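Mind looking over this structure? Questions follow.
Each chain carries a letter (A, B, C and D) given by its place in the written order, and its residues are counted from 1.
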Amino acid sequence: MLGGLALCKNMKQVRTVATVGASALMVLAIYLVIAFLGERAAGNDAEMLFTQGAMTWFEPLNIELALGVDGISVVMIVLSAFIVFAGVFASWKMDPLPKEFFMWFCLLSTGVFGFFISIDMFTMFMFYEVALIPMYLLIGVWGSGNKMYSAMKLTLMLMGGSAFLMLGILGIYYHSAPEGGQLTMNILEIAQNNAVPHSWQYFLFPMTFVGFGVLGAMFPFHTWSPDGHASAPTAVSMLHAGVLMKLGGYGCFRIAIFLMPFAANELAWIFLTLTGISVVYGAFSACVQTDLKYINAYSSVSHCGMVLFAILMLNTTAMTGAVLQMLSHGLMTALFFALIGMIYGRTHTRDIRKMGGLMQIMPFLGVGYVIAGLASLGLPGLSGFVAEMTIFVGSFQHADMFHRVFTIVACCSIVITAVYILRVVGKLLFGAVQDEHHKTLTDAEWHERLSTVTLILAVAAIGCFPNFFSSIITEAAEPIMKLFA
Amino acid sequence: MELSYTVAVLIIPVFMFLFLGIVGVKLSKKTAGILGTVAMGVTTIIAYAAALTYFFGTDQGQVIDGVRQQLTVLDLTWLEFTKNLVIKIGVLLDPISAMMLIVISTVSFMVHLYSLGYMDGERGFQRYYAFLSLFTFSMLGLVLATNIFQMYIFWELVGVSSYLLIGFYYTLPAAVSASKKAFIVTRFADLGFLIGILILSFYTDTFDFMSLTTDPQAAISTAGGATFLGCSVMTWALTLIFMGGAGKSAMFPLHIWLPDAMEGPTPVSALIHAATMVVAGVYLVARLFPLYAVDATALDIITVVGAFTAFYAAAVACVQSDIKRVLAFSTISQIAFMITSLGVASPELHHGVGYMASMFHLFTHAMFKALLFLCAGAIIHAVHSNEMSAMGGLRKYMPICHIAFLIGCLAIAGIPPFAGFFSKDEILVAAYANSPLWGVWMSVVAGMTAFYMFRLYYKIFWWNNPDYGHHTPHEAPMTMTFPLIFLGLVSIVAGFIPFGEFVTWNREEYVIHLDWTVAGTSIVIALIGIALATVMYRKENNIPERLADRFRGLWTAAYHRFYMDELYQFITHKIIFARISKPIAWFDRRIIDGTMDLLANVTNSASFAVRRMQSGSVQTYVWFYIVGAVAVAAITIICLI
Amino acid sequence: MFGCGVYGFITRRNMIAILISLELMLNAVDINFAVFNRFLFPGQMEGMFFSLFAIGLAAAETALAIAIVINVYRAARNVDIRQLTKMKF
Amino acid sequence: MDYSQFLYMPQELGLLVVFLLVFLFDTFGPKRSQSSLPVLTAVLFGIFTVCNGFMLMRGTAFSGMFESTAATYVMKVILNIGVLIVLIQSIKWANSEEMAIRRGEFYELLLLTVFGMYLMISARHFLLFVIGLETASLPLAALVAFHKKRYESHEAAAKYLFTAVFSSAIFLMGLSFVYGLFGSLYFEDIAYQVMNNTSAMLVVALAFVIAGIGFKLSLVPFHLWTADVYQGAPTPVTSYLSVISKGAAAFAFMVVLVQVFGAAYSKIWEWMLYAIIVLTITLGNLFAIRQRNIKRFLAFSSISQAGYIMLGVIGGNEIGLASLMFYVLVYIFSNLAAFGVAFAIEQQSGKVSIDDYNGLYKTNPWLSFTMMLAMFSLAGIPPFAGFFSKFFIFASALECGEMSIYILVLIALINTIISLYYYLLVVKAMFISPDECGIERFRSSCGERVAMIVCTFGIILTGIVSCIYTFLVEAAQDGTTMFGLLG
């Protein structure tokens, strides 16, 4: 049995040989999927599999070191492994202080993996913060542009979110069992007890949802994202947009919705409005940006808004769509950031007005960018389409007119997405070469190609064989959504 | 199932796409081109086999009680949303899809062949073939779709391949912006399509065409009396789906992308923007026709949109000077014919002849419009310009092309015995059957069609004899002329296909008999149009200029396509970019971000403010100390009391 | 008396004077203890003992304070408490 | 008199033995070997600390004035660890030329204050408490003034002493009111009489008592001496002041409020404390933001940390006490690590401004690594111990489940963000900012390094090794009845 903790331990030991670590991680992650499917096929239909015999950690607060995975976390782990793998290759020539860079990078990944495998609120929260703080140094030391400001802003805003979160978690903990029962941090037990009083849910749900929502770049708590992404080094942008922002979405349903179904139902409309705004708003904002990373960051706001939006629809299909969207957005945005990083590494500018015709100079990167763009605007056969369609169909199944109208509003974003993606592609890659110096630039090197191809393959795999992923997710989403049936 | 080999028509092109896309660069150009063409040839053969087996095979229970059955050859689950809402990837054979198979594979094969000559020596030749394969794959996937979502998937893929092909010359800004425009406009339309699908599937709980169309009345009634903003939801759904079709088929006001799309290589225009992709909208409506048939409102909308577009596009086509644009507007106009024809095809009227007519016209139009475009390509290849002013008197230099073009013109003008006559005649019949208004309207448009086509013809091949200098135009190579000849022949004979036997709205047989009153009128009108064009454009003269001067306003408006582009420009740049996006971006930076920064600044200045407390003097410290202690006590006492 | 002490502490400039004010405050406490003991709880001696200890403490404090004041005087050449503001903000 | 009762205070006796040995060595030891005094003290104290682990005796002495329970015992061990670290840290400093003739006094006074704290922790009668309190604070004034040649040192000492005496006067005044009300100074006696008593006199008394102990804890508004004294005092003394004396005071504060005045909880002091906590955390943070001097900076950060510690008190339960002790333990490690680094740098280059730390990572990676751990731990970032201590203290505060406490915790949490900001500023200086006139590469002294390594391990392990916290909770629950009276 493959306990998730093994992943982290493994990571830590091999921090200097990051490649080996990342590859091992990927192998382990894939092995995890196979093992997971094997278990499922063998008829094990427990909600969570591979639950490490919950070891009590802090007995007084009944904190356990409880680990386990269900379909959703499995796919998220695979996603993370892919992005870590690609990220290591994308930052192959990290300079200065490569050792420290990979150390922090590994710590960040540890947090991410730990988060996905935890089924104890405390451990989950701890890993969540573990994943956040390396960001500061990664951006601050290895970033570019206005990095100190961005790093500080990002860290403080995310920590602000986690402040709400901590309160929410403690609140849930103290209401986790019926009067006189043993309080617990274990998510599954809390869900089983379902004892959080309704009046408290009204208070705790927004706390947790906003807490995770900040990381999920929910309007109006998204402004850390553009600055942060713009300043971060490539691999960090990749991991951050690719995986870290998913922590928000994952946490939203794993804690906020799963544990407080009543409030989720009652208050969904508020957050739906906010996330609906994020979706459209992010897309519109992306239209007029001139910095490649800003464009992508706003596009992430839009896409991640979609994740939260779908989660709030509270039905299995939309939920599946949300997870697919997390996967899809994770991969394609990582791809985007990797490519942007590579382009920036060559041209030393990210201003689309100063670039043009790059397709002629670096066809590989150009094609990669086009594919990423097409994935982002939802081309069938790539992952974005599958995710968005699942979300739309799922959301539209909602019985409430309000939800359906909002779905249509969210649908509009696909057009706007097309607008800004094509605008960038047109200006950046096509047309005449803007800067004479660019003509001498080289195309991607092997490690960059490897990184890009890995991600493209993953994007295409989801796009072409979605049912494989969606069935894993659906089966995990069903028990959660049963609460709302 | 015996016809399961039909799947091969999907697999071969997609394989070619991946193959050429990935390893294409390593191949020589010639190899890549020939490989692509051969693969397409095989695809064509299979497609023909499938279609012919479908139409003429007798032993598979394909025809029951005179009704051709729809055969689902393959249905693989691709993505499961809910138990009933499942996207499947499959192959559905029925009359229209079989017919489309023929159309697409024929034209596509011709274009592949033609491109060997036309694109010879171009940069990115391999890429070009890869994209062509992708397009063929997606278009075939679209027509063979078993469910509406599969159609949507391929619909999008078609859009993308169109985008990629229009932007093939990606170093030219015009091509880039045209491709962008094409994609975004169709994307916008697709939004309608998508929402339509959502609504439809929400109420009917299925994507499947078979279940949707076999019992449309039931589907409609499950929606109950649900209404939204005064219309029933079904009308909304169908109208929105039609919006998707209208976008792809360039119906007014979503037509603006098509003329610009002519920036792509000409064979591409022939394949995508004349023969196949642009009729996807027609095909979509035809596919869901049983549903539309029970919703009169939606049908009316379709008719109006179609009829108006037909007229509008014809009017614009009369004054354009770029030959490909003329052809583009002519395409719009012709597709509008088909759309109108579907719109007037209520089953109660004249056995729903409009449906058959529409499909028939689709078929013939694909052939002769492809022919016209390929001719235009050959001409452009010869004179290196798209502008009419650079042409004239070409009949001497390019005889084969001349003949082929003339055949095309005659066909589109509706002169018997060329193909266009038969199909257009059926459309007019259907229109008259619906209401005389539409009949007359469409006849007028038919006349205009004849006029502008012959204007084009004369301007290219007659008009004057400009000095081509040392660069004398010459006939195109064999790879290019062969498709012309072949398509020319098809255009001549296609009209004699007893189309009603194969394709009708209820898949029963329908015998076409020419209604000579209608046919006669339409011939006369067409002849008038041709005569007019002959008078004005056969020899170089100044009549056109004088006329243009006379109706300066009208002419300019038409020349600028009635300022539709400018309107769009205005909406996108001035409204969406400047009025929505910019303010949002500003709001984001200043207000939202500002608030966050403000929080930080407030904290900072608060920190500055409180430092006065730390004066460094012990006495102040003690003062605060005692005041603090007493205040705490005092407040508590007050609270207690 | 306690109030006087507080007042003196806050208003006087001379450190010695402040020290005296502090003594006033401490003495006020002593008296308080003694008086409470004498009048409210005459049966026991706890308050008295406390006073004694407090007096001892006050003495220790004074001794230390004087030493420090001398040190400050050596370093700064005056005993004005308002000059002791080198470190602030 | 029953001398066996001294057996209940083995730690105090042990400490006295250490003190006497140091004193004797200082006075009568050979002159040449005097320089080994610091090491000797550290070793002795180390032995004592280890022995401490086996010296738990439960019971009361001096007719109930002194009580030894598992909680007090554990608290003393925690303090011992801190003191030991400080001792190790200061070995080199104590052997410096300037200090050479006075190091004996330094250690003696230091040990004396520890003794005072022990008494304060174990006191069950206000007389003993006051004696402990004064023993713990008066020698510190002398220690603060230890830099004979630095003017700041004297100014700091004067400020400290005057405020300290003033506050003890206030405290004693409060006690006299208590005595006047209840006629006894035994904690138990008072505790039983407090119930239902909401007289104005009690309120005033409580306010004065809180103010008196709040001075030691540097709670706002009784905190203003802190920064100046921290800045002026010699760094080892500052670190001692900021952690050890604060830790002891925090424990004592909890005992006094919960055990003695527990019955007046919801009526009187919950709200006082509420206001004080909000003020302390917020103002402490606001002050800290602008500080450029590392010691002043740590002073203000320690003020806001004290506010967090008080959250354990406001919870008023076993978990609260355990979390408080845990917090103090973690705080000892984190703050001493920070002071250790600051001290090492000050020793080497005399630089105390945060701006001087720019680019420290390039020259002294281990120092900056330690400093970073300390900062993260203070800010409450996992997986470092500070995260756990913050989490537990919040958890304990929330146990009562009142909405008002939720709001309080929310305010505290928002303040953690502000604190994170300034802690990150230090990290930024070390790791990110370019170095203009950086500190040169140097090797810190052996003692400093040992101390820092101990702290580093403490920061990393204390949180993750859960048995420590579990143990503290058990200790807090052991034999105490103090929480039953909360009203």
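Operating definition for what follows: contacts are C-beta pairs under 8 Å (C-beta built on N, C-alpha and C of every residue); 3 or more make two chains touch, one makes a residue touch a chain.
All figures in this text were calculated on a predicted structure; none of them were measured in a lab.
Of all chains, the one whose CA centroid is most distant from that of chain D is B. Across B-C and C-D, it is C-D that has more C-beta pairs touching. Averaged C-alpha coordinates give centres for chain B and chain C that are 95 Å from one another.
Between the CA-based centres of chain C and chain D the separation comes to 25 Å, rounded to the whole angstrom.
Taking each chain's centre as the mean of its C-alpha atoms, chain B lies 77 Å from chain D.
The mean-CA centres of chain A and chain B are about 36 angstrom from one another, to the nearest whole unit.
The multi-chain contact residues of chain B, meaning those touching 2 or more other chains, are 600, 611, 614, 616, 618, 622, 626. Shared interface positions of chain C, i.e. residues touching 2 or more other chains, are given as 9, 81, 84, 86-89. Of all residues in chain D, those touching 2 or more other chains are 158-159, 162, 166, 170, 227-228, 290, 421, listed in ascending order. Interchain contacts (touch definition given at top) occur between A-B, A-D, B-C, B-D, C-D.
Across the interface of their complex, chain B is touched by residues 158-159, 162-163, 166-167, 170, 198, 200, 203-204, 206-208, 210-211, 215, 220-222, 224-225, 227-228, 267-268, 271-272, 275-276, 283, 286-287, 289-290, 418, 421 of chain D.
Contact residues of chain A toward chain D in the complex are 57-61, 63, 122, 126-127, 129-130, 133, 136-137, 140-141, 147-148, 151-152, 155-156, 159-160, 163-164, 166-167, 170-171, 173-174, 203.
Those residues of chain D that touch chain C in the shared complex are 126-127, 130-131, 134, 138, 141-142, 145, 148, 151-152, 154-159, 161-162, 165-166, 168-170, 172-173, 175-177, 179-180, 183-185, 227-228, 231-232, 290, 296.
On the chain B side of its complex with chain C, the touching residues are 611, 614-619, 622-623, 626.
Partner chain D is touched in their complex by these residues of chain C: 2, 5, 9, 15, 18, 22, 25-26, 28-29, 32-33, 36-37, 40-41, 44, 46-47, 49-50, 53-54, 57, 60-61, 64-65, 67-69, 71-72, 74-76, 81, 84, 86-89.
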